[in-house]
Amino acid sequence: MLEELKKKVWQANLQLPAHHLVTFTWGNVSALDRETGYFVIKPSGVPYDELKPEDMVVVDLDGNKVEGDLNPSSDTPTHAVLYSRFPELGGIVHTHSTFATSWAQSGRDIPCYGTTHADYIYGPIPCVRNLTKEEIDEAYEKNTGVLIADYFKESGRDVMAVPGALCKNHGVFTWGKDADDAVYNAVVFEEVAKMAYVTEQINPRVTPAPQELQDKHYYRKHGANAYYGQEGHRDGK
Amino acid sequence: MLEELKKKVWQANLQLPAHHLVTFTWGNVSALDRETGYFVIKPSGVPYDELKPEDMVVVDLDGNKVEGDLNPSSDTPTHAVLYSRFPELGGIVHTHSTFATSWAQSGRDIPCYGTTHADYIYGPIPCVRNLTKEEIDEAYEKNTGVLIADYFKESGRDVMAVPGALCKNHGVFTWGKDADDAVYNAVVFEEVAKMAYVTEQINPRVTPAPQELQDKHYYRKHGANAYYGQEGHRDGK
Amino acid sequence: MLEELKKKVWQANLQLPAHHLVTFTWGNVSALDRETGYFVIKPSGVPYDELKPEDMVVVDLDGNKVEGDLNPSSDTPTHAVLYSRFPELGGIVHTHSTFATSWAQSGRDIPCYGTTHADYIYGPIPCVRNLTKEEIDEAYEKNTGVLIADYFKESGRDVMAVPGALCKNHGVFTWGKDADDAVYNAVVFEEVAKMAYVTEQINPRVTPAPQELQDKHYYRKHGANAYYGQEGHRDGK
Amino acid sequence: MLEELKKKVWQANLQLPAHHLVTFTWGNVSALDRETGYFVIKPSGVPYDELKPEDMVVVDLDGNKVEGDLNPSSDTPTHAVLYSRFPELGGIVHTHSTFATSWAQSGRDIPCYGTTHADYIYGPIPCVRNLTKEEIDEAYEKNTGVLIADYFKESGRDVMAVPGALCKNHGVFTWGKDADDAVYNAVVFEEVAKMAYVTEQINPRVTPAPQELQDKHYYRKHGANAYYGQEGHRDGK
């Protein structure tokens, strides 16, 4: 089932090492099939160069395996919660990419220091807190998703305008309208994280980019008045 | 029209990812045809690996499209202003290259710390201020060009001796006598930016290279007494 | 003798430059044959691109050459001590990989700042002290092994849960159940070292990841209750 | 003339971009022919991918061209002085490699923080002062060689044990018994420079490696009691 989507998810997973976002098996991509409400995700712990489209696992929104010979990614419950809580998501990526993960390890949000960031992300990249021991013991992966989802609900921020989050002392989740879009955002997060790090080294007293500049860049690529790119490709990607 | 120039601009655009200066579509190259007064520029938001020479867009010096099926780069008005104000420019490049953009995000000029810089750039690389909200609202891309051009006019610095500028919280523009020369300078800016960053980390109290050393290196590659390179290739490239 | 193991050790050695862990000949891999009690190791100072399986040298646990035309790695006595003292080791790697070696040069343990570290290493990566002049003069390479082994004995830490150590002002040793596993850990150490360095630059007051998070990640990949990966591949690799 | 040596120097020059030590034409390699007393050097400003063995230029020890259609490297007088003053040199390399040049720009010697350094370089890598305006005006490139040579003479350090030097605000010279050996040392200098930089970031109060450890590593690869590598290859390379 879902053979076309499995192929897309497989290809999107291969984009992670191609963009230098993962070492070994340290990442995974999933994508949602809106008709069935199932999503397709990478199997757990299988090296990218051995992955085949038919290895992809089909899972429902409670995180239960629907089809597949292999175990799904151990992060499957996180994906399931995010798809459940945010119906606009069509693809999700998890990585331990070097610079974004270093920000996560530092426990800090990534401030918006420039237009590279503002072109794709509206406002700072949030770093959500550690789970408590109770939350870890109860359901670590599921509660990781709950924590991220609650952050967006409580802050009122839009998941499509802030297409990802850092998990303190852990790594990065990004998402988008489909698997490719989520991978694209994973690349953006890593590059933005690297530049924000270098920026602070060059000028320890740096402040975020002016709001009007952030607005200009975000809205020239997104929304009704966007004018970047070609007709019919108005999301700036 | 301008088929030869389109091919050159197409090739120069492909040099940006080849030199690791751009991620995805985050950059563009243009070149001027002095006879017609038109310039040729990359279309907006088209991935480099899908670009074809015939996709290049022909634009006049007011930034109006003269020929082409696709929308020109959203940065076209910046290029137009720079060509208008500085007739000596034959090619312009815009990138978000990692280290030069980090300096732009930090809001600092790049001091001349050594001969790698002085070989190609006379004096510090300027970082121009943010546009005001009014300037952004009126004409963001055009006013970016005006801001850069005014900097050179007011400072009295020579655009051919300082072949580029950083835009605060944004990215990098470089230029040169043609598209290849502008790309060459984009590579120089990125490498110089990386080394200046590392230099300050190694020695936070570092000062710029002595003026006589800067002069020696700049003028052994440029001007009437240059002696670097081979006869007929006296610009040090 | 041990032709199969020689081939495996040869292949594992080639993985070091493939993973950008060594420059020139600055590293070596060995693996133990439990039946004979001999181990197979890279010859000293031979470039990786000239290595052949039959060049591998067979050595006993006193570090004496058993078979081979070439001299074994100058670090052979270190390997011999580690295999003698820790019968669970099946493979050992030595490198001067950039970031792990920079931590070794700094003389600091690498704190556990996140799950990338905790997935494979339980607690900080230790950096053992310099040998004294007397220890160096008596038997430098052997005493390097003794120093590492004594650290584990005295600290009570488990060599399989802490699969390596830094040697102050020198470099990195990693190990595992076989040569491939030791190389895998060498890659982990380098990536973890790079991220820990960047993490401290981003947040100089950073503290280690909460113990419950470290436990969760380590034990979801190791031990009786592991659930990462596929049946029969329960070590998280 | 010197066809064999030209081919070796050509190949050694191509090793510079292969080892990521140069951008564009920013480096050069030469080698001495002891019989004629001439040396062979890269032509000035010619891109590496257009270089041919027959483009190499033959020069005498006063820096005068003996044979060749092209101008020799503008750094030729520096090479000539170094060969004249130190008859043991058989090859010289000049680069602007990123991390070594950043140390040069910072104006600091590179301390010996570990065995990677001590394996090939005895003591710190010196950074020689700026030339005065008078020295620059009189003969910049020649006086660069004089400055380096005088440093070694005055300090009593051995050019074969310290196979290179940094020039403040400029770049790096390395040397060795032939062109390949000089290139090898250029790679060592760059890697050592990168690790020393990262080391100081990790531990700003770091001190050099103990002298007995430096001695142990240097002398296990060099001199009468060396035991690294294979018989007849006792220089540790």
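Which chain is which? They are A, B, C and D, in the order written, and residues in each are numbered from 1.
By definition in this document, a residue touches a chain if its C-beta (ideal position, glycine included) is under 8 Å from a C-beta of that chain, and two chains touch if they have at least 3 such contacts.
Composition by chain, UniProt nomenclature: A, B, C, D = L-ribulose-5-phosphate 4-epimerase.
Owing to the predicted nature of the structure, the values given are computational and were not obtained by experimental measurement.
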Cα centroid separation between subunit B and subunit C, in whole Å?
47
Per the C-alpha centroid definition, the whole-Å distance linking subunit A and subunit C comes out as 33
Residues of subunit C touching at least two other chains
201
Testing understanding: with touching defined as stated, what is the shape of the graph linking the protein chains, line, ring, star, complete or other?
ring
Every chain pair meeting the contact rule
A-B, A-C, B-D, C-D
Under the definition above, what is the set of subunit C residues touching subunit A in their complex?
113-116, 184, 187-188, 191, 194-196, 198-199, 201-203, 206, 209-210, 212-213, 216, 220, 227-231, 233, 236-237
Can you check the complex and tell me which residues of subunit A touch subunit C?
23-24, 26, 43-46, 70-71, 74, 96, 98-99, 101-108, 130-131, 133, 136-137, 140, 169-171, 197, 200-201
